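Below are structures written as C-alpha cells.
Heads up, the next two complexes both have chain A, just with different partners, chain B and then chain C.
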Partner chain A sequence: MEKRPLSRGVNSPSRHPSKVNLKALIDIIKGTLIDIVKRIIRSKGSYLFLLPGMSLFFTFILFPMIYSLRMSFYKWNIVNPAVSKFMGIGNYIRALNDPIFIRAAINTIVYTLITVPGQIFFALIVAILLDQKIKGRTFFRVAYYLPVITSWVIVTLLFEYLFNSQAGFVNFVLKDILHIVGEKIMWLADPILVMVPLNLLGIWKGVGWSAVILLAALQSIPADLYEAAAIDGANFWRKFTRITLPLLRPTLVFLVVVLVIGGLNVYISGLLMTNGGNPLDLSHFILTLMYEKTFANMDFGYGSAISYILTIFVLIVSVIQIKLLQRKVEY
Partner chain B sequence: MLSRKEERILRIITYIVLICGVVVVAIPFLYMISTSIKSQTYTFEYPPRLIPKNPTLENYVEALGKDRFGLYFLNSLFVATITTISTIVVSSLMAYAFSRTSFPGKEIFFYTLLTGMMIPSTMLIIPQFIIAKNLHLLNSLWGLIIIYVTMSLSMQTFLLRGFFEVIPRELEEAVLIDGGTQWTIFFKIILPLTRPGLAVVAIFTFLYSWDEFPWAHVAIRNISRRTLPVAIALFQNQYLTKWGLVFAASIVALIPVIGVFVIFQKYFIRGLMSGAIKG
Partner chain C sequence: MNFLKKVLLTIITISVVTSLSLTLTGCPPTPPVVEETTPEETPTEEITTEEVIEKVTVTYWHTMSEAEAEALDEVITMFEEEHPNIKIEPTRMAYDDFKPALLTGIAGEMVPDTARLDIIWVPEFSEIGALVALDEEMDNFPEIIADTYPGPTSTNFWKGNYYGLPQDTNTQVLVWNRERFEEVGLSRPPETMDEFVEYATMLSNPDEEIYAYTKGGTYFWAPAPIFYSMGGQITDPEITTATGYINGEKSVEAFQLLVDMYKDGSLAPYFIGGGGVGAFDGLVTGQFSMIIEGPWTVDILKADHPEFEVNFALIPKGPDGTTSSVVGGQNVVVFTGSEHKEEAMEWARFLLTEEAQLTMAERGVIPTLSTLEGNERLPEYFDVFMKQLKTAQARLPHPKWTEMDNVINNAYQYMLRDEKTVQQALDDVAEEINTLIKEG
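Let's look at the complex of A and B:
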C-alpha cells in the first residue's frame, strides 16, 4: 500500500561506482527530479490538506518574524517605511545601554526566579495531597484550577483592588487583623513594592496548572514501588526523595522549561497594574516596555529589537535548561 | 507501616492544608462577587466587608444596560465561536496530512510548524500589526479571528496528530478498497473516531480566544468592536474607582468560562496531559 516503488531502474548505475560517467550522473539527477515531481503530483491531495493552515502560518507567523527582524535594524518609519533609516545593530546596542531596559530585564528575571519555584513548590504540595485517597478530589481540582482559567485581565484587576492602599483587603489584614504593619502600605505606587502583588499573582494564578500536571504524573507511578519501600522500612521523606522525585523528573523538567518561558513573557499583569511601568518607568517588564516603545512612542524598530532580544534570550535559556536538567537523569 | 491512628491524623492534616489552599484561592473570587453587589459608596469602605451591607444588583444592570456591555459580550462570543470552528477545520486537515499521508517535505513542514509553538506570541504583535494594517484587518473582528486561528494552529495540529496516529490503518484500507478517497477516510473514519480530541481542541481554543487580550488591545481601536477583556481592562481606566461595575462585568465574562470548564473537565485534563507528555 505504500507509495514507494519509484523508477528504480534509473538508479542502478550507482551500484558500480567505478563506471559512473557523466551521462549516468545526469541520468540519476534527472531520474531523481522526475521522481520528486511525480511524488509531488501524486501527493497533491496531502498538500491540499495543508494549504489553508500553512498559508495562514506563513502569512501571519513566519513572514512577520522575518519582517520584524528586518525592522529591528532600522529606525522604522511607520507612515512611510521606504524612508526608514538603516541602523545596523543600533537598536540592540541602544537597548543594552538603556537603564530603563536593564531595569525591565531585571524585573522580568526576578519575577521568573520567584514565580517559577513558587508555583512548582505549591503545586507539588497540592498534587501530593490530592494523590492520597481523599474525598472530594474533583472539587479540589476544580477549585485550584479556577485561577488558571480566569483571564489575566480579570485576575489582575482583582489583585489591584485587593492591594489597593486605602481600602484594600491586604492592608486591612496586615494592619488591623495581624498588626504586622502600623501604616497602610502603598503597594501600587512604589516600583519595588508593586512587584509583590505582581509576583504573588503569578504564583496564585499558575499553581493549579502545574498541580494538575504533577498529579497525573504522580498517579502514573506504580504503587508497588511504594509498597516495596514500605516493607524495607522507608519513611515518608525517603520515599519522596528516592522514588517520587526521580520519577517526577521528566515532568518537572517540562514544567520548569514551560514556566520559565511564561515568566519571561509576563505582560498583561504588568501592563494593567503599573499602567505601563509607572512610576518613572521603573516597574516595566520587558514586554510592557516593548509595548510602550512601539505603540505609545511609535518606535517600531526599537520595539522589534527589544522583542528579538527577549526571544533570543528565551531560546538560549530553554536550551540550557533542557541540557542541564536532562543530563542529571542519566546517572 | 503507619498505625490506624497516625493515618487518621495524617488524613486530617491533608484536609486542613487542602482547605486552607482553597480558601486562599477562593477569597479573591468571593471578594469579587461581594464587590460586584456593593453600591459605589461601599466599594471603598474601611474596614472592607466580605459580606456587603446593602447588596444591590445595580452594577449588573448598569454594566449590561448602559455601557454596550451586551455588545462586547456578543463580539467575544462571535470571535470565540468562529475561531473555534475554523481552528478545528484547519488544524484537523493539517493533522490528517501529517499523520496519515506521506509526501515530499513532510518533515520540513512539520518542524517549521512546530517553531510556532516556541515563539512567544507577544513578540509577533508588532509585525502582525503592520501586516494586518496593510491587509485592512485592523479594527475588525475578522482580523482577531485570523490571528487567533493562526496562533492556535501549531499547538492544536500537534495535539490532533497524536489522536489521529493511533487509529488503525486497516480501516483506511477498507475504505480505499471500496473506492473511497482520502476525503472519505478523513470524514468517515478519522473525524468520528477522534471526537474527544476535537473536544479538547474546541475547549482550549474557545477559552484562549475568549480571554485573549494583547492582540485585541492593539488591533481594535473602534469602541463598538471591543471584546470583553479589552472592554473590562479599559473599564477600569475609564471609571478608575467604579470597582463594583468592573467586577460585575468580570463575573458576566467569567460565567461561560467556568461553564465550559466544569462541563468538559475530563477533556481538559486529557488535553493538558497530551501537551505535557509530548511537549
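Let's look at the complex of A and C:
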C-alpha cells in the first residue's frame, strides 16, 4: 500500500520507511479532512446542519434501540454485560406464555379500542361546535385544550381522588345524591372497574388535541361545497355525511394512526393509578409490566423483550391501518 | 487509496459524531473527581517535600426525609473536619425512583461511591455484583460490627459475605388513639392477639365507617408484624423451602386472623386498594383506633396534628406468648464501580460511630449500635421501638425478595376477596416461592 502514490503533498520518498508511513498517513488524514471540508462547502453546509440532529438521533434513539434489542436475547447482567447468558428467543417465548403479560396485552388493546374511538367521537363533536360562530369561541377552544397541556401525573392523581372509594366525588354522587348504588363502589380495588377511570381519563385528556386537529381540517373544507349542498336542499346530517366526513378522511386516518400508537403506549396513568398492576397483577398495561420487570425485578432481558413485542405489534398495526384506511379523496 | 480515504472519512465522521454527542449528553467518561490544590507550577522537587492535599469527592445517595437530611449535613461536617482530604457529596432521592436511578447509574457506569440502601435490596444488588464485599475489603470489619445489633447486621449478609454496614434500623409498633379506647371503656392497648381481636370488635362500627384497625396496603410489610407475632415464617432459616413454613399452621392462623377481622368489619375495607382516608389522618380523627407504624409516626403526626397525643405499644403477643414485628432500615454500601473505595469505606465506617449515630438519632433515626442503649440523647419514644427490635424479624434476605413480596401480596388479596381460602392461597405461595428460591 505504501508504494502507491498516497496523496497530494508527498514529494520525495524518505530513506526511512517508518517515517514514510507516518508522513504518508498524516498526508492522507490531511487530504481526507480537506475533502470533508470541500464536500461540506460544496453542499453549502447541509451536512453540518444534519450533524446535531443526527447525533442526537443516534445517541438517544438508534443506539438504545439496538442495545435493548441485544439485551432482549439475554438474561442480561447490568453490572457485567459480558457474563450475560444468551437465551435466544427465550425471553420472547416466556412473555407469550406469561398470563400476566397476556392480561396486560388485553388491557392495553381494550384501552386502545375504547379510548381511540372515544377521543375521535367527542373531538369531532367539540370541533364542529367550535367551528360555529358562537360567543366566547376562544374561551371554549382554550378550555377544551387545557387537559392536553396538563401533566399526566396531576390529572391521574385528580382522577384517583375522584374515584376514591371512601371519600371520592364519584361515589358521593352515585350513592348520596343520585342513590343509584347502595354501597360505595371500590373502583380502584377491582381489576375491571379500575379500567373505568383509566379509560375516561384517556378520553378526557385526549379530546382537546384531536379537536384542534379536526378543527383545522374542518376549516379547510371549501365553504362553497356546503353552499351548493344547501341549494340542493341538503340538511345538516346529509351535509355532514356527504361532505364533512369524506373530506375529513385523511385527517381521521392520521388521528387513528397516531392515537392507536399513543393508546398502545399507555403508561403513566396506569403506573400511578394501579401502582403497577394492582390488584393481583391484573391491571397491568404492557409498559407498566415492562417497567416492573426491568426496574423492580431487575430482569432487563425480559423487560426488553416485552418492549420489543410491543414495538413489533405497533408497527404491524400501523402498517395495516395505513393500508386499509388510506384512500384518495376526490372532490 | 480511495478505500483508505473512505475508511478514514467514516472514522473521522463517527468520532466527530460521538464526541459531539458525548458533549451534548454531558456524560463524558467519568473523570476521577479529584480536586488538586497543588500550587501552580510548583517545581517537582518541592512536591516531594511539601504535603499535597488531594481532595477526593465521595458521592453518597440516600432517600432521607427532610429532618434526616438536615442531621446528615451535620454528620458530613463532622466527617469532613476529621478528614480534610475527603468531601462528601450527598444526593437525596425519592424512594420510588431510587432503585431505577441506581440501576441506570450502574448501566451507565455513573454509580455513586456509596449509598444508603433499603435493607431488602442489599441481596439483589450483591447478587448482580454491584456491591463491594466489605468484610473482605475493610481491615477492621469485625470490630465495626461487634457493637451492632445482629438483626440489622444480618441483612447485609449474602452468600458468605457482608455487603454493607447497618446504618439505621426501625420496626413497626402499635399506635393507638387513647380517646377512642376510653370512649368504649378501655384503658390500655391490647397485649395479646386475643385482646387485639376482642378490642377491635368493641372499637368498630362499620355502619358509620369506624374501624378498629387499618393498614396502608397488602404488601408484606403491612401484615408482617402480626404475621411474625403470631409465629408465622416464610421459609426455613436457610431459605431452601417455603413448604411447611408460609403454608404452615402458624402462618395460616396469622392470615386467618386478619381475614376474619376484615370480614367482621374490624378492619377498614379500603386498604385492599380502594383508596380511603389515610391511616394517620384516620387515627387522629378517631375513624381508626389502631394502626401499626414505624418511628416516623412521631414526625408525621407532629407536623400535621401537633395536638394529637401519640401513644405507642408493643405488637400484641401471639399464642406462644411472645411479641414480634418486622425489621426495616437501611444499610450503607459501597459500589464496585466506585473509584474511591477507600474513602467511601472511611465514610461508611464513620456513619457507624457513636457520634454520627446519635446525631441522626436526635432526628428520629434509630441507631444500630447496641452500646447506645439507654443513652440520654436518644428520644424517649425510642424505648418501645428498641424493645420491639429485640424480637423483630427481618424479611427474607434474598435477591428474589421483591418478587416473593408480590406473590404474598397477591395471595393476601385473594384471601380478602374470598377468592381463595387462606390455606389454598398460602399453598400456592409456597409453590411459587420455592420456584423463586430455585431461580435465585
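By our rule, the second predicted complex is superposed on the first by the 282 of 331 C-alpha atoms of A that agree within 3 Å, B and C clash if a C-alpha of one lies under 4 Å from a C-alpha of the other, contacts with A are read in each partner's own complex, and residues count from 1 in each chain.
To be clear about the criterion, a contact is a pair of C-beta atoms (placed from the backbone, for glycine too) under 8 Å apart; a residue touches a chain by one contact, two chains touch by 3 or more.
Treat the numbers as computed from the prediction; the structure is a model and nothing was measured.
Trainee: Determine, for the superposed model, which of the two partners chain B and chain C contacts more residues of chain A.
Mentor: The larger set of chain A residues in touch belongs to B.
Trainee: Touch test for A:Thr32: chain B only (first), chain C only (second), both, or neither?
Mentor: Only chain C; A:Thr32 stays clear of chain B.
Trainee: Have a look at where A:Lys23 lands relative to chain B and chain C in the superposition and call it first, second, both or neither.
Mentor: After superposition on chain A, A:Lys23 lies in contact with neither partner.
Trainee: Quick one: is A:Val126 in contact with chain B, with chain C, with both, or with neither? Answer first, second, both or neither.
Mentor: First partner only.
Trainee: Taking the superposition as given, does A:Leu162 touch the first partner, chain B, the second, chain C, both, or neither?
Mentor: first
Trainee: Quick check for you: in the superposed arrangement, does A:Met186 touch first (chain B), second (chain C), both or neither?
Mentor: second
Trainee: With the two complexes superposed on chain A, say which partner A:Pro279 touches: chain B (first), chain C (second), both, or neither.
Mentor: Only chain C; A:Pro279 stays clear of chain B.
Trainee: Touching A:Ile40, do we find chain B (first), chain C (second), both, or neither?
Mentor: first
Trainee: Once the structures are superposed on A, label A:Pro147 by its partner contacts, choosing first (chain B), second (chain C), both or neither.
Mentor: Touch partner of A:Pro147: chain B, not chain C.
Trainee: After superposition on the shared chain, which partner residues are touched by A:Met298: those of chain B (first), chain C (second), both, or neither?
Mentor: In the superposed model, A:Met298 contacts chain C only, not chain B.
Trainee: I'd like to check the shared interface: which positions of chain A are touched by both chain B and chain C across the two complexes?
Mentor: 1, 36, 52, 54, 56, 59-60, 78, 160, 166-168, 295
Trainee: Which residues of chain C touch chain A in their complex?
Mentor: 1, 4-5, 8-9, 12-13, 16-17, 20-21, 24-25, 99-100, 103, 106-107, 124, 128-130, 209, 269-270, 272-277, 336-337, 402-403, 406, 410, 413-414
Trainee: Where on chain B is chain A touching in the complex?
Mentor: My answer: residues 1, 11, 14-15, 17-18, 21-22, 24-29, 31-32, 35, 43-48, 89-91, 93-94, 96-97, 101-104, 106, 109, 112-113, 116, 118-120, 122-131, 146-147, 149-151, 153-154, 157, 173, 176, 181-182, 186, 207, 210-211, 213-214, 218, 229, 232-233, 236, 243, 246-247, 250, 253-254, 257-258, 261-262, 265, 268-269, 272-273, 276, 279.
Trainee: Considering the complex alone, what residue numbers of chain A touch chain B?
Mentor: Where chain A meets chain B, its residues are 1-3, 36, 39-40, 43, 45-47, 49-50, 52-54, 56-57, 59-65, 67-68, 71, 78, 122, 125-126, 129-130, 132, 134, 138, 140-147, 149-155, 157-162, 166-169, 172, 176, 204, 208-209, 212-213, 216-217, 230, 251, 254, 258, 261, 264-265, 267-268, 272, 287, 290-291, 294-295, 300, 303-304, 307-308, 310-311, 314-315, 318.
Trainee: Can you list the chain A residues touching chain C in their complex?
Mentor: 1, 4-7, 28-29, 31-33, 35-36, 51-52, 54-56, 58-60, 77-80, 160, 163-168, 184, 186-189, 278-281, 295-298
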